[in-house]
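Every chain is named by a letter (A, B and C) in the order it is written, and numbering of its residues begins at 1.
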């Protein structure tokens, strides 16, 4: 495991080494080191403004890495994009946009289909299967904006699944999502994990993080810890990460009070 | 220098034009700050076009004296319509605005096109006659400016809150639509006040560029407003001087209102350039410090 | 005598071409919320046309060059600190238009040319104008057909499209240039401001009747062509400016749609509200963007 020559680089979906990430001159996130392997789920945990979304954007190659390295599937982030899928927060999208659910999921195939060509029967089948995986097959013909917030989030996950990624990035997928949709999202993520997809999820829901992830990465402007979820989400490390924010511990349940 | 910058304003009509422009500068500097913080660029633009049919109707029914009442009526109607439009959510704001703008303007064009002196009328409505401003018009502008500035000063903190955080403003019990209506009316009044001198179409520059220039220098409301007023006043003065000098010394007729606006834009661009240079120098210094 | 030798017939053909391309590009304008940009484009092409007239090159070329410059300016300015797109667009609009007016005022025949620019003169189009219009229409159709799915993705989910590796900046610029090409072709026929109506109103009306892009596009083109042709006949019948009549027809279609469209029309919504008063809504559109309180449910 420790010898990179012994392990084919493709198994390592994401390798971050002492990365510093900056929009302008001032870094917004420093000292991030960690690995995500195929079939692993890693949770990015930290308060609002900690740099979780920034790290995700860096993995997508949309934000410059000014120090250290970020390697995706053995390549630079920008070169690896075809094998990486990204699930944005559903509520940033315009609910009035005139697209059907099926059209949105089919967008996941566009890169594969390529410029100037229309999606074929296979693409439509893959999209339909992805939609079924999130439990919304019967809503394919509905307009995207008529769905509930949780259902929209599931459609976006289906779009990512249709892309058949090897690394999946989710930005706060459980925010404001109802319980039914949360279960559907978790179920679909388990399916992806079984197929060997590496998953990186940003969240500030610690209970969900404990439930869903193998590893956790604690962030607040810099990295405060990275390791197996149980060993990382400890009161001490969490207190260090969250600073002065209220932190209540009930047995092994940890609650972060949010504004 | 003296011949270009001071002499022209000894001529009475030039002095009147300058007075009018300085009044408008004070008004526009303040209102444009609100336009900037509320991102009302398009609303302001729509307003400049929707006032047009009012001006035409006023002129057709009562001659020159009908222009101001006509413009005021059209401005009031559009301020209300715009407030309503931006409250309904189905059609996106900008689509509805664009249709309203073009439709009202088309009404104006159709009305004017029935007249024999079509082209001359259209031009003077759209571009104003800066050099024929009368003392009566200056008095009208002063009254409008006083009214708008006092209202905006009284509602300053509420308007700021509404621009920054509409949800909090609503939660605190403010009536958002009422604040919006007040601001829309203020914008409309600026258009009306400036229509006869600068012309309806070029007012958009007065409503946007001063605060946009201020925004390049500062990120606080008060300095932005002050810079906006200063920039608008300076551009009014310089623009007039340039257009006068060009026509007297070089026989080049430059439309007065448009020259003022172009000067305003030039000041904006120079500020932009200066800011860019300053930033480049600064970032080199920080990267030197890091290395 | 050939059919094309009659001025009114040429105007008729021009209005069909102009209507088609405005309806097509209007769908992009409405979905990407670029009505204000289109407005700015109609004004920013102005100085280019004046300069072209002065130095004696093709007017379309002058307008097109100025339009590309304006598109680049807006893109660059909107990246500045504290400048949103609306401010950048308004600055470009004011700058372009005042430059055009100043340049034109230095010429003779100021008012006449200006009026032609503002309200267009569709009755004086010649065969060269028709050829330009036909070429631009064909170009717009081809480009939109070729990159339709990518444009859809980027318009719907910009961040997602970027993450998928699309260069959304380049795609934005492509759309802006298409808009600009349509504007530069349409303005000489129906005028600057009224072009906006023919681009935005048909697509805005179509949006109210359907939730699908394909039917929206067809509807928008139909409305735009009917408005253009109908407006031309109205202007002949009542001796009013053609550009004004065309815009008013297009705007009337939009207004009627806001009232009578199924589900999204005012009448249908009023009925719907009454029915729904008892059950609270799910999946309401984002009210925060319009300055209204977000309902406590769901978030």
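Quick note on the criterion: a contact is a pair of C-beta atoms (placed from the backbone, for glycine too) under 8 Å apart; a residue touches a chain by one contact, two chains touch by 3 or more.
Note that this is a predicted model, so its numbers are computed, not measured.
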Most centrally placed chain - per-chain CA mean versus overall CA mean: C
Chain pair whose interface holds the most contacting C-beta pairs: B-C
Chain B-chain C separation of Cα centroids, rounded to whole Å: 24
Rounded Å distance between chain A and chain B, as computed from the means of their C-alpha atoms: 47
Centre distance in Å when chain A and chain C are each reduced to the mean of their C-alpha atoms: 38
Sites on chain B at which at least two other chains make contact: 90, 92
Two or more partner chains touched - positions in chain A: 96
Residues of chain C whose C-beta touches two or more other chains: 207, 285
Complex interface listing, chain C residues touching chain A: 31, 146-147, 149-150, 152-153, 155-157, 159-160, 162-166, 207, 210-213, 216, 282-286, 298-299
Chain C-facing residues of chain A, complex: 60, 62, 78, 81-82, 84-86, 88, 91-100, 103-104, 107, 110-111, 113, 115-116, 118-119, 143, 145-149, 152, 156, 159, 163, 169, 176, 178
Complex interface listing, chain B residues touching chain C: 36, 39-42, 44-45, 49, 86-87, 89-99, 101-103, 105-107, 109-110, 112-114, 118-120, 122-123, 126-127, 162, 166-167, 170-171, 176, 180, 201-202, 204-205, 207-209, 212, 215-216, 219, 252-255, 257-259, 261-262, 264-265, 268, 272
Complex contacts: residues of chain C adjacent to chain B: 30, 33-36, 38-39, 77, 80-84, 86-87, 89-91, 93-95, 97-99, 101-102, 104-106, 110-112, 114-115, 118-119, 191, 193-194, 196-197, 200-201, 203-204, 207-208, 239-241, 243-245, 247-248, 250-251, 254-255, 258, 264, 269, 285, 287-288, 290-294
